[in-house]
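In what follows, structures are represented as structure tokens.
Shared chain: chain A. Partners: chain B in the first complex, chain C in the second.
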Partner chain A sequence: MPTFVYMTRCDGCGQCVDICPSDIMHIDKTLRRAYNIEPNMCWECYSCVKACPHHAIDVRGYADFAPLGHSVRVHRDEEKGTIAWRIKFRNGKKDFDLLAPITTKPWGTCIPQLANEAAPADSMRDTQLLYNEPKYVAMNDNALMTLESNGLEIKEGVYY
Partner chain B sequence: MGYKTIIEDDIDILVAGAGLGGTGAAFEARYWGKNKKIVIAEKANIDRSGAVAQGLYAINCYMGTRFGENNPEDHVRYARIDLMGMVREDLAFDMARHVDSAVHQFEEWGLPIMRNEKTGAYLREGRWQIMIHGESYKPIVAEAAKNSADKVFNRVCVTHLLMDESKENRVAGAVGFNVRTGNYHVFKSKTVICGAGGASNIFKPRSVGEGAGRVWYAPWSSGSAYGLMIEAGAKMTQMENRIVLARFKDGYGPVGAYFLHLKTYTQNAYGEEYESKWFPALQEMVGKEYLDPEASHATHRPIPTCLRNHAIINEVNAGRGPIHMVTMEAFQDPHLEEIGWHNFLGMTVGQAVLWAATDVDPKYENPELTTSEPYVMGSHATGCGAWCSGPEDVSPDEYFWGYNRMTTIEGLFGAGDAVGGTPHAFSSGSFTEGRLAAKAACKYIDDGKANGIIVTDAQISRRKEEIYKPLETYTVGRNEIVAGSVNPNYINPRQGLDRLQKLMDEYCGGFGVNYMTNDKLLSIGLKKMAILGEDLEKVAASDIHELLRAWELKHRFLTSEAVFQHTMFRKETRWPGYYYRGDAMKVDDENWHVLTVSRRDPKTGEYTMEKAPLYHLVGDIEDKDLAKLKAEGHH
Partner chain C sequence: MFNTNPFDAVTALISTDIQQGYIILMAILVFVGTVLDMMHKKSAKYFALDTEKNNKNAKRSVGTGEKAGIAIAVVANEILTSAEFCNTKRRISHMLTMYGFILFVASTATMIFGWSTDALVANLWHTGALMLCLGGYWFWFFIRVDVNSEGVKWYQLRRADIFIVSLLTTATFALIWSYLQSSGAGAVADMGWTTLFFALFILSNTVLFSTVMWSKFAHMFFKPAAAFQKRVAHADGGNLNLPADYDLSDPAVHARYPDVPMYMGKNPPNMGAGIRREPANHY
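On to the complex of A and B.
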């Protein structure tokens, strides 16, 4: 399902070019609008569709197996923290909306700045613990599991 | 060439490729390296890069120790049986004991994780997977990585590692080019954490023409993790362990939630259960320890995924395809129907598009399944990747050389697809491996192991010339012909990719030959690969975008060559359903209960192969299950 761009909606802002993981959304130098330069490297990931502020990008199912006449549209809203989908079948029998959350917190506000955290003690460097551990393993202060703590030992298992 | 050279010097930790593994590395590195310079180089935009760019509807690796669900050793057992024994158990245990802490942080950062209303625990689909609304999984973890890194270079494709010239086999950074400006980027760094991806598109895909990008694993996963490390001479392991996925036909939509949460099941074209009838003969091939349906039934020990593929492949060959997923029962429940669709929208939108386009409503029609072309990766249910050191407190001597997740090249660490022998890490496990690698990399630097690195201008210039050669090849050869893409002096990246895929498919066990190969086919294939390697010296790029494709192709080529070499070396059919060696159609535990390790000599391109010991940390069967089995009269 490669993407394509509606001529009348695109203003060439380049948001899709900026986000496409496959580097296939480019700006047409003559028309100054975006287009998909390599449909056969498109994964239909919808990153560009979601990023487009004008809803100018849509998807048409891959020609080798998908007939014409369907539609799957999306609206991702970071402020509301939701993503809304509308799916229309080719035969018109099914046309439904689905909504899902994309985050439970105001965007980007709850992610720690590790540079501001207290530095770990030198002795911590020789342990097996990572940041926020052992507490975050089980959300209490139980120690990290080791082979010994779990009653395990390296078993002979070498078969040559 | 008019491209500028941009040098970023004095880097402590360079994260090359920032999917889930790389973002975990960048995040954690800041904690252990307060004053260290941490730089990310990513060929796309880290907000949507890697295999999780589209989103995920499940976190596939979560122990739930907090809810009393599983311990790390349970997961080791599971991964081991699924991979028919071939797992680095030290690395798997280490990942599993840390992975929950990553998941708990994701939830704090805003990732919506569904909960079981009755128990309060995370809502599970099966024993290891929890369900999420993960459309924004990648942007959320990218934010964490950006908060930690000094600099993020988006759209810089890393093509090669830089090597220290004062000490052999020590990394010194990496080089690449910006796919927008064309500028040459040099990163001089004390350590490199390779977070690049595994390989899609090295075997001929089932989709053709415009649909060729409709592969199960992201088309931008170009095997760079392997290409970078192999080229530099790192030892690799389990590269023969390619994976074939059973998925909804054409769209490759995920089936995990369908099987495990929606409780759907499969049947053949005539509505019959087919799986069990293939198991008796298959048991002869693999032995009772890997396939014992009765014991599996009694203990809920899973049947290895590859063996279920085997049943599908054989049933279809017997003329009773297609295999159908029975959705018509579950989808009568509106809640389950909604979950079925969300499952696609959250991670494989294309499957929703396909069903809408073909008027397949799973409420009234059971959709078709198929087996995919093979993929090579180290983070999903397969364990290809670099031979890495394990953690000090778990690893036996053969698996330990001082720094967790360090490859056999000093200062070069891996995470996610880059680390071999650690299947079933998935997204959360890859992020966790990145964290482990970052802590170890900081320690490596603090121990003075990166002192005295020398990179000469000659090395930097040599790489620059090499990187831009496809542009020059194009410029020189282009005007010999009138127009078009047929040129006697070069091939373009797409043509090279088509040739690679055909070769891999026909000689190395792709879908076109029913995943079958043998030593004769592999020898012919390797000969043809060598010639393709020569021709890739003449790959031509007409612009910077094609230059990106040219280097992706070269990374895919190196990955493929390793797959050939490993498949040739392991003279048994270890994973029926993923591939078959027609000349050795059985699992051979007597000779091959080992890990395979390869090294490509960077100077000559010659491969050496060796067997490495396979240690087991835990007993085969959980204590409670053992008691149950005994009570029921098994064993």
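On to the complex of A and C.
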């Protein structure tokens, strides 16, 4: 369900352009309003829908999801920590309201205290693994799964 | 410079009648441009359709008294203090430009129609032009949409820039012209630098008021109407088809959406400004 912009509500602030991970939200050069330049390439993450301070971005549904045509409106309230969705069918009879928490901790209370961590030793710096990675990656009888142990070597481009 | 009416010297070359006629012509151009803009963009038609749609979604009717209250709120918030802007810098810049423009236009009309010859009016004219320059250049160099969001160079001009460029050049040329005149660079009739900047001032002023159809000049007329419509939609429960604004401490909300109290408790704390805590500035 790619996104689209209501031109009359958009004020061209550029929040959606900044947040779009796919870089497909752009500002129209003539009207200075945002628009989705490539709906087919939309990742449907809805970051832009949630970030838009004017609720100017809506979601275009597929026929199986919304056979009658619809409007999907989203309101992300960061101070309350909730996100509310409203899906309204074209005939006005089907009308869903959804509400969910977007976080369980107030903003700024879960910042990792990296300054308190011990500096990595040289052996850790020289390894092919990233910081903390051995704790979380699959180990094979305590042997690390590396390119070398698998008989591979790094080549230019992406081969493996 | 600040206490002198710069239009006094112009009277030697251009009669007061022509000056007053020019002001009236500009007012007519704004009116015609706004009407053409509404017809071209079908904004009035869209506005009526949107109002009709919002009325259908309304959960209750808003009385005349409440509508008057909403109108007062629109004047106090959206019009006088530009409260719809989420970005504080943009809001301040907009207010400097808006009040600068009002001061500049009102004092120009006052001086040309001879309603007052006080030095105060000349002072207001210069103050308005300075405010326009301050807010306008701030907007032009640091806030303009493409520059902030898409890393476009500040000097790339597009049709969308007609309004801000003609506004800025009008105020800038007006100040330079007034300065040259007061520093004794010659009257308009001398055909020197003063004349050149007077001509540039009139040219950019004419562009500003004659391009309403293609610029965003008309926003000052329909923005308050849109703000009023938005507030009415919120008051009557239609809320522009947005989800309801839930009270998270309400047991009925907890019963309907059990995820919320499960993860956030019965009285969820204020979660802070989130991603809005700082302006996005990726370029």
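In this section, the second predicted complex is superposed on the first by the 104 of 160 C-alpha atoms of A that agree within 3 Å, B and C clash if a C-alpha of one lies under 4 Å from a C-alpha of the other, contacts with A are read in each partner's own complex, and residues count from 1 in each chain.
Convention: a contact is a pair of C-beta atoms (placed from the backbone, for glycine too) under 8 Å apart; a residue touches a chain by one contact, two chains touch by 3 or more.
Keep in mind the model is a prediction, meaning the values are calculated, not measured.
In the superposition on chain A, A:Gly61 makes contact with chain B only, while chain C stays out of contact range.
By the document's definition of touching, of the two partners only chain B reaches A:Pro21; chain C does not.
With both structures placed on the common chain, the touch criterion links A:Asp97 to chain C but leaves chain B unconnected.
Using the contact criterion defined above for the overlaid structures, shared-chain residue A:Leu152 touches chain B, although it does not reach chain C. Contacts of A:Ser123 after superposition: neither chain B nor chain C is touched. Touch criterion met: A:Ser71 reaches chain B and chain C at once. In the superposition on chain A, A:Glu79 contacts chain C only, with no contact to chain B. Once the two complexes are laid over each other on the shared chain, residue contacts for A:Thr30 go to chain C alone; chain B is not touched. One of chain B and chain C touches more residues of chain A, and that partner is B.
Contact with chain B, but none with chain C, is seen for A:Gln113 once the two complexes are overlaid on the shared chain. According to the touch criterion, the shared surface of chain A, contacted by chain B in one complex and chain C in the other, consists of residues 18-19, 26, 71, 74, 81, 85, 88, 98, 100-101, 103-105, 107-108. The part of chain B that touches chain A in the complex is made up of residues 27-28, 30-32, 34, 43-45, 47-50, 53-54, 65-66, 71-73, 93-94, 97-98, 100-101, 104-105, 107-112, 133, 135-136, 140, 143-144, 147-148, 155, 179, 207-215, 218-220, 250, 338, 341-342, 345-346, 349-350, 352-359, 361, 391-394, 396, 435-436, 439, 442-443, 446, 545, 548-549, 589-590, 593-594, 611, 613-619.
Those residues of chain C that touch chain A in the shared complex are 43, 46, 50, 56, 84, 86-87, 90, 145-146, 148-150, 158-160, 216, 226, 240-246, 248, 253, 256-257, 259-260, 263-264, 268-277, 280-282. Remark: chain A residues 8, 11-15, 17-19, 26-27, 29-32, 51, 53, 55, 71, 73-75, 77-82, 84-86, 88, 92, 97-101, 103-108 touch chain C in the complex. Of all residues in chain A, only 1-2, 18-23, 26, 37-47, 59, 61-72, 74, 76, 81, 83, 85, 87-91, 93-94, 98, 100-105, 107-108, 110-115, 117, 119-120, 125, 128, 130-133, 136-140, 144-147, 150, 152-160 touch chain B in the complex they form.
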